[in-house]
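What follows is a structure written as structure tokens; I'll ask about it next.
Chain IDs A, B and C follow the sequence of writing; residue 1 opens each chain.
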Amino acid sequence: MKSRFPIATPFVLLGLIATPLRAEYTDKPVVALVAASTQDAVTEIAAAFTKETKIAVKISGAASNTLANQILHGAPADVFLSASQEWADAVDKKGLSAKTIPLLSNRLTLIVAKGNPLDIKQPADLMAAKVTRVVLPGEKIPLGAYAKQALDAAHVYDDLIGAKKIVRAQDARATLAFVERGEAPASIGYSSDARLSKAVEAAYTFDEKSHDAIRYPLVLVKREAMNPAASRWFDYLESESAAKIFEKYGFQMVKR
Amino acid sequence: MLSAEDWQAVALSLQVAMAAVIVSFPLGLGLAWLLARKRFPGKFAVETIVALPLVLPPVVTGYLLLVLFGGNGWIGHWLRRWLGVEIIFTWKAAALASAVMAFPLMVRSIRSAIEMVDPRLEQAARTLGAGPLDAFFTITLPLARRGVVAGCVLAFARSIGEFGATIMIAGNIPGDTRTIPLAIYSELDSPGGAERSTGLVVASIAIAVLAMVVSEALNRGRDSRKIAANRSSNA
Amino acid sequence: MTQPALRFNARHGFPSGFTLDIEFAADDGVTALFGPSGSGKTTTLNILAGVLAPQRAKIALGDRVLVDTTTHVALPAEQRRIGIVFQNQRLFPHLSVEQNLRYGARRRPARDVDFARVVEILELREFLARTPESLSGGQQQRIALGRAVLRGPELLLLDEPLTGLDSRLKHRISDYLDQLIFEFKIPTLLVSHDQADVRRLAQQIVILDAGRVVAAGPTRPTLDQAILGGQTPAPAPLNLVRIEHLSVVGRHIEGRIGDQCFYLPKSAIVSEQTAFARFSPSDVTLSRSPIAGISIRNQLRGSVAEIVSKNDSAFVRIELGGQSIWAEITPEAIATLELTVGAPAVCLIKATAAEIV
């Protein structure tokens, strides 16, 4: 009589799938939680860092609130690069920050389709009839908050609301996608975002004084047993060579 | 079509999904049986809790798991303190997230399969000397096998697509926890990533289709064998 | 065994208002649990099978206590060593016939029963590799029977084993049952609402009605008395006589009751040597002596053993060759024929009134 448990058979395959290969380094790898928008840049910096120090860096990219929550609930993270001051502060307030510095800054831009077919040059142009929709994240999302401030400063925010032109997207990436797919003529995004798609370009860069400073704080997470490699990585992110890479990806280093 | 990182994500997704199914299967089977065959106080509450991941946003489920399994959570704390096990940011966390998210689908499918089995057959087995477990494994389970396999395949497919709870407790670490959906998510934050992620999308569809085909083949092969046996003995 | 095989005493009330409250014992051989539907047969069976936990009960099989609610003993079904043949067989559809048969034998049988011999008696060899679904109702019933016997039970419980089978199958299954029960000497409890089945198979009877035991004892007299006394809904006792040395003669079948001939219509042909004929008391005419020049072929001589009146009829029991035949006649006829206990009488039965079972 044959076995009556076919259910088990596919699972045998499990044994055939090797655990993902991992480079062997002497030091304990550093775990870096980074805002998803910075993960490409940080990955490139980490490659250089590892080459230099033989210390591996594990990078986990996600939304800043997700990352902060992970740290707040005791996840084993060493370094946190947040896209929002608010979440860095939340970590600090729980006494989980050994050290926090403002690392990067970003600029706010008006994003339009490649070639700027509607010829949008400044915030006031958004009120033109041909600009049917403007995409922004909700005001609770940092980008949404900055955008409100900047558009307010340009005296168009209330008018855009009144004209029902504003469409809300869930986050910075989704905001960009609307313009990228041609679903909306304009959106507001970080200057580093425009590079993500060949279908868009930045038509206007807002004055830095028109909104709160856009800061990417870097947090050295306080843990029961600190990984000595963590502070080397923390310092490396402030270094000249890291700055070059960050700037390549559209971020600015905060001058100190 | 797939880069080395993509293959890594595919392999990891398979590993995570299989682990999720294997780990949750005994519990799912037991619970499905309990819900199908027993009446007990608090049954409705149990049903509701099991169905919860189906209705809660995955991020919320992930957050609850983080609260429980994080280093400060009571399970996570206990694991770290007494077993020295850290599961957050490991593939085990991804498997846990997938298992929890897929659990309602698995339980629902197995439960209705068990409900379809005539309990009088189990009674007959009992009078023939089989204990409750014996009767379950020799009568109920083989008769419910279609639904059981379907439940596992469904759970597997759901695990392959799991994102929200996974990124919450497993993070998004290439090679460690970056499964197919997380890889796609990460690609979207890279220039030209949307185009590059096509391969991964196709891969996840292929896995789901393959899983369905395999389960279908398992069932059909078995039945046609049985029919053939009957035909030959009739002749 | 000095104790009766089964001692059963249980009381159980249902929310519907039905209350079962019965006590009986069953010894070696076959004991029938007889009654109309709603009399408590199924409840008794469920309590014995361990499906239903009775509110108050003391049940023992041999010297083993199966259930005793005063001491909170209730053996799980698998430890009771009761082999049950359920009404709708309940064969395992995913297992072959052989696996079905061996299911109980593999699991701590109470005693070993020879597999080959059971297969031989039930004539199942050619079906062993098949699945139950591919077999007929009668074949399935045989498998269910074999499965229960091979479990090596201390008590065999048959739930309406002949209900729904045609008369030819009934006859064969009854024969199989007789052989198994005789050869393996398993005390058997037969649950049935059918007089013919009960008379055919059981030596002892427990008659139930509305959840109570109305009578218990040897099958024939107990059942006759209960029916004629109006204790069961059955209107009249059924005649079931054993006919031996059957053979086909011309256009009819001929057999023997003791040293007398019995003719049966050919349509009810059977291959076996022995069969039972059933007919109603109203099909029996009595005379004081054999009558010539009459179409009725069966004229059986006997003597009056009992006269009972029920409603407007009189029932006369004639004893012949160790068997009994009831005749239903009018009280006036009794007076006319001057029938008294011990008097000789002849039973006149039309061959076509009798049916082989």
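We adopt the following convention: contacts are C-beta pairs under 8 Å (C-beta built on N, C-alpha and C of every residue); 3 or more make two chains touch, one makes a residue touch a chain.
Fair warning: this is a prediction, and the values are worked out from it, not measured in the lab.
Two chains share more touching C-beta pairs than any other pair, namely A-B.
Put simply, the chain farthest from subunit C by mean CA position is A. Once CA atoms are averaged chain by chain and compared with the all-protein CA average, the nearest chain turns out to be B. Look at where the CA atoms of subunit B average out and do the same for subunit C: the two points lie 54 Å apart.
The centroid of the Cα atoms in subunit A and the matching centroid in subunit C are 84 Å apart. Centre-to-centre separation between subunit A and subunit B, using Cα means, comes to 32 Å. Shared interface positions of subunit B, defined as residues touching 2 or more other chains, are 142.
Under the contact definition stated at the top, the residues of subunit A that touch 2 or more other chains are 4. Shared interface positions of subunit C, i.e. residues touching 2 or more other chains, are given as 94.
Subunit B meets subunit C in the complex at residues 118, 120-121, 123-132, 134-135, 138-139, 142-143, 226, 229-230, 233-234. Residue ranges on subunit B touching subunit A, taken from their complex, read 8, 11-12, 14-15, 18-19, 21-22, 25, 59, 63, 66-67, 70-73, 76-77, 86, 88-89, 91, 141-142, 145, 148-149, 152, 167-169, 171-177, 185-186, 188-194, 214, 218, 222.
Note for the complex: subunit C touches subunit B at residues 49-51, 76-78, 80-84, 86, 88, 90, 92-94, 103-104, 107-109, 127, 129-131, 133-134, 147-148, 151. Across the complex, subunit B is touched by residues 4-7, 9-11, 13-14, 17-22, 31, 33, 36-37, 39-40, 43, 58-62, 66, 69-70, 72-77, 173, 177, 180, 195-198 of subunit A.
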